[in-house]
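Here the chain labels run A, B, C and D in written order, and each chain numbers its own residues starting at 1.
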Amino acid sequence: MGRRKSRFLRKPVEPFVVNAGATTDDVLARMERISFQGRNLGTARRIWEKMLGSDCTIFLGTAGALSAGGMRLIIAHLIEHRYIDVLVSTGANLYHDLHETRGRRHFIGSPTLDDAALAAERIDRVYDTLASEDEFSKNDEWIAAFALKLERRPHTTREFLYKLGEQLWNDTGNNGILTAAYRAKVPIFCPAIADSSIGMGLSQARHRDQTAGFSDVIGDIIESANIVIRKPATATIVLGGGTPKNFINQASVQAEYFDDRVGGHKFAIQIVTDVPHFGGASGSSLEEARSWGKLATDAEQVTVHADATIALPILVSALAGGAVDTLARRKPMSFDLAGPTMSANGRPFPHARFEAR
Amino acid sequence: MGRRKSRFLRKPVEPFVVNAGATTDDVLARMERISFQGRNLGTARRIWEKMLGSDCTIFLGTAGALSAGGMRLIIAHLIEHRYIDVLVSTGANLYHDLHETRGRRHFIGSPTLDDAALAAERIDRVYDTLASEDEFSKNDEWIAAFALKLERRPHTTREFLYKLGEQLWNDTGNNGILTAAYRAKVPIFCPAIADSSIGMGLSQARHRDQTAGFSDVIGDIIESANIVIRKPATATIVLGGGTPKNFINQASVQAEYFDDRVGGHKFAIQIVTDVPHFGGASGSSLEEARSWGKLATDAEQVTVHADATIALPILVSALAGGAVDTLARRKPMSFDLAGPTMSANGRPFPHARFEAR
Amino acid sequence: MGRRKSRFLRKPVEPFVVNAGATTDDVLARMERISFQGRNLGTARRIWEKMLGSDCTIFLGTAGALSAGGMRLIIAHLIEHRYIDVLVSTGANLYHDLHETRGRRHFIGSPTLDDAALAAERIDRVYDTLASEDEFSKNDEWIAAFALKLERRPHTTREFLYKLGEQLWNDTGNNGILTAAYRAKVPIFCPAIADSSIGMGLSQARHRDQTAGFSDVIGDIIESANIVIRKPATATIVLGGGTPKNFINQASVQAEYFDDRVGGHKFAIQIVTDVPHFGGASGSSLEEARSWGKLATDAEQVTVHADATIALPILVSALAGGAVDTLARRKPMSFDLAGPTMSANGRPFPHARFEAR
Amino acid sequence: MGRRKSRFLRKPVEPFVVNAGATTDDVLARMERISFQGRNLGTARRIWEKMLGSDCTIFLGTAGALSAGGMRLIIAHLIEHRYIDVLVSTGANLYHDLHETRGRRHFIGSPTLDDAALAAERIDRVYDTLASEDEFSKNDEWIAAFALKLERRPHTTREFLYKLGEQLWNDTGNNGILTAAYRAKVPIFCPAIADSSIGMGLSQARHRDQTAGFSDVIGDIIESANIVIRKPATATIVLGGGTPKNFINQASVQAEYFDDRVGGHKFAIQIVTDVPHFGGASGSSLEEARSWGKLATDAEQVTVHADATIALPILVSALAGGAVDTLARRKPMSFDLAGPTMSANGRPFPHARFEAR
């Protein structure tokens, strides 16, 4: 080629070489040198380890049917070992977690089953996965009964879910998202709790006692923003878009409103199947997030266009193998979540008020 | 071809013939005889008219950036002319509606703009659409100030949004989703209000007065289920999935729990860009909804895989042309939404309690 | 808002206003001021009219099951009225066109039919559309018989398909893609003819006579590039990606190799459902096409992410209404396609050789 | 639950447990018990091993930019170790393979690079991957020069690509798809060769000598069908849809036309990102394939909705670890590909004629 290579052509793609017995960590490390979503998944592994090695608060957002789909013990692992610091979830993922923690199961089905036949047997289908509606009804009643035991005041979902995890842990001793979060004192926010079977359980508590079942979802906004404010750097990992994705971004935007040292998340990973070009928030790009200040202009970020049920087992298996030392050195914030006012590293958040760092 | 035609081969596809000056209604009518999503859009037009001609309560769910994207006056039209009876929306769609009703605008941009440059000028990007962050901040403050004028008690989003529409109408006299719903007394539910700038405005009210800004999203569950119970038949039209889609389905499931004459929505249209095979609720099929009882086993239903910004202008233009008489004969429920207890056709819903028909 | 508006915030989104009895042309004109794919569809209408008003050669690429899906008479209309000058198609679209031109039909089915039952009745399914396999077999035999009548030499698909259209027209007098192209002398290229039932028909001719059924698909490359070279400007309209999309782009790249005044297509519209981020050519962006020189750096272009069975009926209905005068003034190249050497405006293309303008 | 469990609720989902240092084979084995596309990827691993353990001919179809994206040595591995028996590919994948086998590289880029700047430096972009256009032009010339050395008669792509692999191997001694296929005597078909830079090279050979550069793509149809006929069972593995997917299916349909003991592929795996509901062949379901007889009614099959650059490295790493013994026992057909008439296990295919088993 005689002439000098273009500045654009510096780093060649390295064709992936098959290696029998490779660990997931080895595979992902080499995938960073291929292209397209394979490269992005490899990059996600690297950025996540970088988050763990930085002094930042890591938010995880979980949308989609992850718990029904077999991902709940991975999320519990991330909580227990503090790969993350704060969980923002749809109600469904927490509900299906509760279902299994209470000893019930989801079942292997198929997307082509006869739904009229399923309805006749009171079986609910989530694509290729099934569950008993009667067992679901019993969960709802269990949640209603639990809610009737609580003080008669609005609870942030953060406080409510902590207590729910406590009850579940005391009742069952089983591992899961809610129980792991209770034990590790990792806050969980559920901004759309009213759009879930947990919300249905709360409404049934209200039906029995009109002073019960109040969720303070606006309080969640304040607490989540205060968590962002508390540390100079934050990171976001999002599985599947939805309300968790936006809520984590909103926490940063709202935080900046009260403390202009907040400058957007410093790291971002999103594993999504939605696309940007229809304008919805679930599929929106991380580039777009910069215009809003949701992400720092120089944030390290990657979007992986993949189903989380493929990406997550591989990604977390790889980190569990290769990021052990980085994780061991990590010093995450320690939360106290038991009351209406939470605290971080022993310092309480002011009640119902944004507070600059 | 001597032998008899298969029972499967009865109704031929009719190739679409180009017809200069065709109205949208004419085009959609003929699209029902082509294939794929074109056929489905034609079918959606027919099923919607059938809803209008049946004695049923019609829920519309709006997710995605519809208001920012120029769809808000279509939705206002559907409300004003009672093509629908109940709106369930993301907060974003209501917030961007409020932004324009207050006289601000969204702007034509491009998905390839430099987001760092936009951030520097405090401009927020939604794919190819732009808005001023300073104007957004002023909206937030306006919402906070409005919330501080309300009684100090939790408000369902239904009640809160009705009062918000009233205030907007009194202030501006401008048409929009919130003001049309106020004037037509169409209830709006916003189950994920905490995941939106409306929620951010409420949190700022709380910041100023810790007794302000409480949303009773659990009360919304009860009211929405009671609306379902009240009439023998219900219908769902969903644009874009998200919390509105599930909340409308949940209303039917929750209603059935208290009145087993409820048997799922009788008609369903969804216009979505998500797909079923990743397991998320946004993309879930209407077949799957039957297994849950969200849809009646014999419901008339269609899914249109399309961006609502293409499908909606065409679909509603067509209905406005062709379904005039059907619409004129319609006798929708009349709601009273001004207080904490709503009523339908003069009969109040019991306070905070599910009630069988 | 005392301070001056940002340069980015110049052109507001105009919310779409419902207008009973609107024509598709009116609807599309106003959709250019909304957002997302609705805006893009409106833009496609404007760019297509601009193509018609410019002195350029317009290529149309058709992939996907458009003919089976009811789009074939729209494509025939585009050919007959010279909205386009050259068609590049998958074999399937030509084959399903031939099927209907020969008097057979495709039928309305459903994606949830039992495929084993269909197989037992020898019915082939294309998503929600059905056809008789026996009728397909007869088409194959008809194609084989036709091929056996041709001279024993390799035919470009351009020449072969012209003669096929001639035969069909003589046999049936029916309108369709192949017969319209024959009558309007619009060349059709089918670069992947071997991957279609037309190819299967040719292979059956070969089976009967080993000197029959030779396609000169490499000759097609030369002819398509020479068509590009012949005029200063070209345009591409692509429905659905696939081999037609790339072949049209390749024609420009190959043309530039022999005449460096060729500088990429000057206008481009693509209506696709694929996305760019998996790296495939079908979903690749028009921005990317610029890096290759497939598109001029200053080309006017738009991608519409939509199913062609929605976008095409609306777009062409609108153009047929509103672009009549522009079309009437158009002076497209006149082709002679009857022999192995084609000519444009009376000037033959050199045989088997690229030639600069 | 007292009452007997439904027949639908037999096999529970097993939540995935994180296991540090897990191999890809261990991870995939456990993914078969989760849901959604993760389950499907696990199933693909099991079905592929089942193919290897059965007496069947395995077709692999490769579309999309797999070679540019770093997948070419995985495909070479599959060829060399006879995980597959026949490759059907787009021209692009073979061309980008040739590019690297000739010592050139693809480079790591980004989807947000400035395409005008790339065009100015003559760099071609494939989403996030770059290559030098000058190097591409030299490849084209190399291919043209090679084609000019061949006998002046139409070559099937199978014969042409075998000779091309031979030349590449003799010139470079480098591993790659074409050279591995040459050495392992695995036939490659390229039905859309005219829609690729290999076709462009052939057209340049024609430009220099009008008797050169004839591809017999119809002959490929006959050979591929005869390969299907030769063995009682066949299998298809498709990466990314496109012409390879349909060509492999067509081979079975065409084969059945001449030998009705052929009853469709007995195993099928497709890893695709397209979806069925737009009607295109790339996204079409394996259920639909049954209606056509492309697949046996009782075929074992799975569709994985995923980018191949994620799925393939993991899937093949897993098989290389866990399917060693199964692979060692495999006795694949042995092909002779050097001349115009190919043979399998020493028995030639009749020239240009379908032949029953």
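Throughout what follows, a residue touches a chain if its C-beta (ideal position, glycine included) is under 8 Å from a C-beta of that chain, and two chains touch if they have at least 3 such contacts.
Model, not experiment: these values are computed from the prediction.
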item	value
Third chains touching both chain D and chain B	A, C
Between A-D and A-C, the pair with more C-beta contacts	A-D
Farthest-lying chain, centroid of Cα atoms versus that of chain D	B
CA centroid of chain A to CA centroid of chain D, Å	37
Chain C and chain D: spacing of chain centres that average the CA atoms, whole Å	27
Between chain C and chain A, distance of the C-alpha-averaged centres to the nearest whole Å	45
Touching two or more other chains - residues of chain A	35-37, 65, 68-69, 113, 118, 123, 126-129, 275, 277-279, 287, 305, 307, 309
Footprint of chain C on chain A - complex, ascending	35-37, 275, 277-279, 305
Residue ranges of chain C touching chain D (in the complex, touch as defined)	63-65, 68-69, 92, 111, 113, 115-116, 118-119, 123-129, 133, 137, 140, 154, 191-197, 199-200, 202-204, 206-207, 210, 213-222, 225, 240, 242-243, 246-247, 250, 253-254, 257-258, 273-282, 284, 287-288, 290-293, 297, 307, 309, 351-354
In the complex, chain D residues that touch chain A	1, 6, 8-25, 27, 30-31, 33-39, 41, 65, 68-74, 77, 100, 105-109, 112-113, 118, 121, 123, 126-132, 134-135, 287, 305-307, 309-314, 316-317, 320-321, 324
